[in-house]
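Residue numbering begins at 1 within each chain, and the chains themselves are lettered A, B, C and D in the order written.
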Amino acid sequence: MNEVRVGMVGYKFMGKAHSHAYRDLPMFFPNAPRPVQKVICGRNEADVKTAAVQLGWEEAVTDWRELVVRSDIDLVDINAPSDAHKEIAIAAAKAGKHLFCEKPLALTLADAKEMLAAAEAAGVKHMVGFNYRFAPAVQLAKKLIDDGRLGRIYHFRAAFLQDWILDPDFPLVWRLDRNVAGSGAHGDLGAHLIDMGRFLVGEMTEVVGMSETFIKERPLPSSMTGLSAKGSANKVKGPVTVDDATLFMARFGCGALGSFEATRFAGGHRCTNSFEINGSLGSVKFDFERMNELQVYFTGDDPDVQGFRRVLATDPAHAYSEAWWPPGHTIGYEHTFIHETLELLEALQENRQPVPNFHDGVLCQAVLEAVERSIDEKRWVRLDEM
Amino acid sequence: MNEVRVGMVGYKFMGKAHSHAYRDLPMFFPNAPRPVQKVICGRNEADVKTAAVQLGWEEAVTDWRELVVRSDIDLVDINAPSDAHKEIAIAAAKAGKHLFCEKPLALTLADAKEMLAAAEAAGVKHMVGFNYRFAPAVQLAKKLIDDGRLGRIYHFRAAFLQDWILDPDFPLVWRLDRNVAGSGAHGDLGAHLIDMGRFLVGEMTEVVGMSETFIKERPLPSSMTGLSAKGSANKVKGPVTVDDATLFMARFGCGALGSFEATRFAGGHRCTNSFEINGSLGSVKFDFERMNELQVYFTGDDPDVQGFRRVLATDPAHAYSEAWWPPGHTIGYEHTFIHETLELLEALQENRQPVPNFHDGVLCQAVLEAVERSIDEKRWVRLDEM
Amino acid sequence: MNEVRVGMVGYKFMGKAHSHAYRDLPMFFPNAPRPVQKVICGRNEADVKTAAVQLGWEEAVTDWRELVVRSDIDLVDINAPSDAHKEIAIAAAKAGKHLFCEKPLALTLADAKEMLAAAEAAGVKHMVGFNYRFAPAVQLAKKLIDDGRLGRIYHFRAAFLQDWILDPDFPLVWRLDRNVAGSGAHGDLGAHLIDMGRFLVGEMTEVVGMSETFIKERPLPSSMTGLSAKGSANKVKGPVTVDDATLFMARFGCGALGSFEATRFAGGHRCTNSFEINGSLGSVKFDFERMNELQVYFTGDDPDVQGFRRVLATDPAHAYSEAWWPPGHTIGYEHTFIHETLELLEALQENRQPVPNFHDGVLCQAVLEAVERSIDEKRWVRLDEM
Amino acid sequence: MNEVRVGMVGYKFMGKAHSHAYRDLPMFFPNAPRPVQKVICGRNEADVKTAAVQLGWEEAVTDWRELVVRSDIDLVDINAPSDAHKEIAIAAAKAGKHLFCEKPLALTLADAKEMLAAAEAAGVKHMVGFNYRFAPAVQLAKKLIDDGRLGRIYHFRAAFLQDWILDPDFPLVWRLDRNVAGSGAHGDLGAHLIDMGRFLVGEMTEVVGMSETFIKERPLPSSMTGLSAKGSANKVKGPVTVDDATLFMARFGCGALGSFEATRFAGGHRCTNSFEINGSLGSVKFDFERMNELQVYFTGDDPDVQGFRRVLATDPAHAYSEAWWPPGHTIGYEHTFIHETLELLEALQENRQPVPNFHDGVLCQAVLEAVERSIDEKRWVRLDEM
């Protein structure tokens, strides 16, 4: 397999990030199969045609049903709003296409399971877009844990803090509509934290959550404009049907205690996707706003020079780094997608499932939904209930 | 009232901190009543005599019952282990002495209420030692909130992280014995976070908690040595009867969501007593390891220069700072006790209750105990149940 | 002008960075003329052919003399080692090609002036690759200064700290050979600082420098491997003929004092390209290792909340940012080249000189050479001597 | 020797810092000789009497000539303005008193040498007040260097940045008058940097400097108020006769390159007394605004976890720390004076010269003056010229 022909559904924020990954990957990872940007799909014909030109796709179409069955496509990449994931994925699986789906995998756990079953039944490869795993600094954290250099894990403390809807006049975009987005901060941001916790510390066994929608009504938007919408003067308001913030606590199977917080109401935090892990032999801290850095502490350091080390994960010793620039020359958000895509392409080449895949999507969804049940029923919920 | 004659019970860590406060205060706050270090009390006669000389007390005694009734004492300062607070405080109140009691006020909410009732019945002044309120940077946070400069508060996120018992061979000191300490990280560290939350954001209405003792047994200590004990080679072990870590979530009466974590198992954190508050108009962040600094963010800053400001709270505009050194010359841990003592002495002079007082001690204890009940019964607990 | 056909000489570190800029630019800045990667040139035929494929060039050649006269080329992009810049640039100018030359422009001021004269005589556009100007955080610093928000500038304090040759066994690569590289840390790193100082504060009037080669001899390299060379076991050594570190002080025409340090011997600093500027109304700080951030201080802030603000230059209010990702989603090193290329392409479109151009290259070279003269003659050197 | 009877001249900023050191020392270092605060001296009788009460001195006098000959005084502590140091020190030495003199030792190198000669002739002990050496984090840097853990030193990079006279209306206090203060930022702040460089890296061999007075005239002050003076509305102005900022470069005898900057015009820096040292095996960074921290880097760390460690110098492994509070509980500015005084008292007890002493004062003065000569004559000046 020398190339992988991609058909992509969706062309907004994630569509742009994925397109860029396809474009850049061969320059930096020339030994991987080459992704071919065959066809892009969106509902608005004019917009998707413009996107195709800008984002480098050979062809633009408006009907994803047509796209998923095309014989010149190997992989279907699903970046549509969350409520459309399931139907597209299942159809594509049935057509024998490999799947690359943005997170959250689905609106419900049942849907996610159905998607996984369809992919497995079809025998295709499937990946879910938890891109933050692929920051070199996060890969370093993973390596330290896997190598036992942090010892037994006691704590996982994660917060994804944003502030883009802090203004009460920020309009009611689709991400604030439960029917389309499934949930708010919880599914959008919390899903990343959950995946990070699972990736680094393992499965959780029980959770208890708390949630709030601080601003109950917002001006209706004049147009759907993703994260870049500005405060609106529209006097007609509609109800916000998702959470502005969701917090939960969890126990991990390994005995660690977990603390999770996802909010869009943390002023001053544009995109603080952060975690800290404390183990018996050391600790690590990560903040996506400084994504090239991992703070690392070892209890075994000489007593007079113990302290968190600010490791810039741009050295040859760090994942992916030799493909890029010399040490100290940092990379950015978009690179997580390139590395993620590399994993997908290499898995296709090696005829194995990429990681994270729909199993991870399902397990993440189970935690999301357990937290929601915990909030609804105001009690601890065990994951094995799900 | 030009001077206040103090009798102090306890001479270890807190005894030293309080003694120093009495000693230094007149040099920096010459207009406050002058504390007179009359008599210090401890169980071990030789040790307390040595302490008296070193810490500057006129006299040393071994029986606190004798101390609390002395006519040459105005104020009884209680730094004994937590299980002794109640009896001493009530006896001192009955003898008409003003009270200054370290936190946590008592081992139980019932005890704390009894202490408050005794103090009120006696008509004496009473203070509880939540010293961290008195860091100038914390006072700045309080001022910003009170002045409305952070707007409506959405989030309070607090963690008190330490690592002094991370070594499984660290011995079983009194702070790890429920009968003496009441609880572990929860009462020792969490109490400070709760007080901080109450001070800055207000009362909580309900909580749900989670707790763990990671190391169930530890070597018996050869001697009681507080925080300075080293790893022990003692092969005889005893059970740890307090929590190593306690986390809880809370709702505040004002609508804010609270997240609290207290642990002694966070490697690399010697004393990270930290909080962040997010409001509709701004945010603040504090970490006691950099106690002279408050990070401050305003949503109203010009769009191109928004960001957390690192404010060094050593300017004339900051509380207490003019008493100390020029701007940029920082102060340390011990200064929180000097400011705390200043509040106490000024309250005595002005014939008002100091703040925080036993009411605060009781309300803090109510939260501590609500969390414990929540953990025992594995459910949300409302504060009005307590 | 809808597209610009590029011929590029050199395909190592800078060749890769430039190639990537050409590739990515149209996706993010679709309104700019489209760069067409026509032909790449290198001395080693096999290597340059491989590079052409990986980096996306239509054609590979080995003779730059052939390249610069091709009629299907509009722009010659010069990334060859510094000693080759002059000859290529002059030949390309004579052939009527626009010029894009990496820094330092030349090995000597005389050469640089000759290159500028040739470009001007030919009436072509010319740009020099001071890419760090194009970090959004640096653009913000420039804007604050230009808008007068920092007031009168008193200090410019810059350091470019690296550590890649700290190991005495690091081999004698071309960057350590004066005949090829011109100078060491001074021309490689110091040139960037000088350009930054000129960009932000203006022209200097006099300088005094100091320089050192700490490791006088190094193992000969087995192959030329740029920055990625490892410690060598080669027992045959050769002399290091460039500076390991160069420091200088300067006076600016505006009255500000400048401090400059370039070193490759600062352990722990992979790529700390940093500066601080202090003005009468405010200050800014930048460190390339956290290139998305600018620290900003205003003397006019309210007295109780004065402090450096950590501004993440990823908001819509910041240069280039709307082309990329939502606020808080950072970019990396390579993006400086994309923005730099954008300036070049827009200048070509608008028929104006891009900035920085060969004038800037000459003025930078004048400072570099004044510092060298100052070191040689151990005295202050005025720029008007040059 | 169980106690040392002190007579102190001066009662403003330094007088307060020294008084506090005498007061606190016995509580934390009970094994050292006990300082006895016998007599304080100042020119204004009412003020010095008030100071005596507040600062804890037994007696107040107005004539230092009387003080230095008193038989009940062992040590004369000189905190008067710099122009008075010499006369007092020589008189006290002749009277057989030990000497503790604030920095800078004198207004000129000749004066400093005369003071040293007088002290040596009298056979008394002499100390000079370079208090910053005594921060535990600085002591750690010293230990790392002395133990060879940083290897061969290549760079010393120091800056003492303040901003208290940034306002052009800040009045013409004594520190801005050459006749009293000797110099401005150079002698006040630069002296500390020079001492730090000498302490950590060794003697310098040659220097070249640059200096500026940005604001040439300032309002005359209504009263002399040290660092706490506010902007003045006084329309009568006088000339500023000292430097606002002085920078210099130096070569150390060990081969290291030094960079020094002292300024009072760095907005946002209240008291950034900072240095960085780069050696062949590691680096350290210090900033007094976070004085409990030392950043430490080792080249020998595992390749994937290299980075500056933030060491909080409050552990038992750190100098002085066990006398204070548990790990993570920080100390402040005033503690440097307590540690400095401890060195003095222990030296008296052990009948040895304390360090730093007048030799250090002289050698610091030599560098200060070499820099001044370098500025006056606009050339490099060798220390052996001095």
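A few points about this structure:
Assume contacts are C-beta pairs under 8 Å (C-beta built on N, C-alpha and C of every residue); 3 or more make two chains touch, one makes a residue touch a chain.
As the structure is a prediction and not an experimental result, all values here were calculated from the model.
Within the contact network of the assembly, the step distance from subunit A to subunit C comes to 1. In summary, the pair subunit C and subunit D forms a contact in which both copies contribute largely the same residue numbers, shared numbers making up over half of all those used. Set against the Cα centre of subunit B, the chain with the most distant centre is C.
Spacing of subunit B relative to subunit D, judged by their CA centroids, is 35 angstrom. Put simply, the C-alpha centre of subunit C and that of subunit D have 41 angstrom between them.
For the pair subunit A and subunit D, the distance between C-alpha centroids works out to 54 Å.
Touching two or more other chains at once are residues 269, 306-308, 312, 315-316 of subunit C. Contacts from subunit D toward subunit B in the complex involve residues 13, 16-17, 19-20, 23-24, 26-27, 30, 53-56, 162, 164, 226-228, 269-272, 288-292, 312, 314-316, 322, 324-335. Considering their complex, residues 154-155, 157, 159, 161, 163, 166-168, 208, 210, 212, 214, 244-245, 247-249, 251, 255, 257, 259, 261, 263, 265-269, 276, 278-283, 297, 299, 306-308, 378-380 of subunit D touch subunit C. By the touch criterion given at the top, residues 140, 143-144, 296, 298, 301-312, 315-318 of subunit C touch subunit B in their complex.
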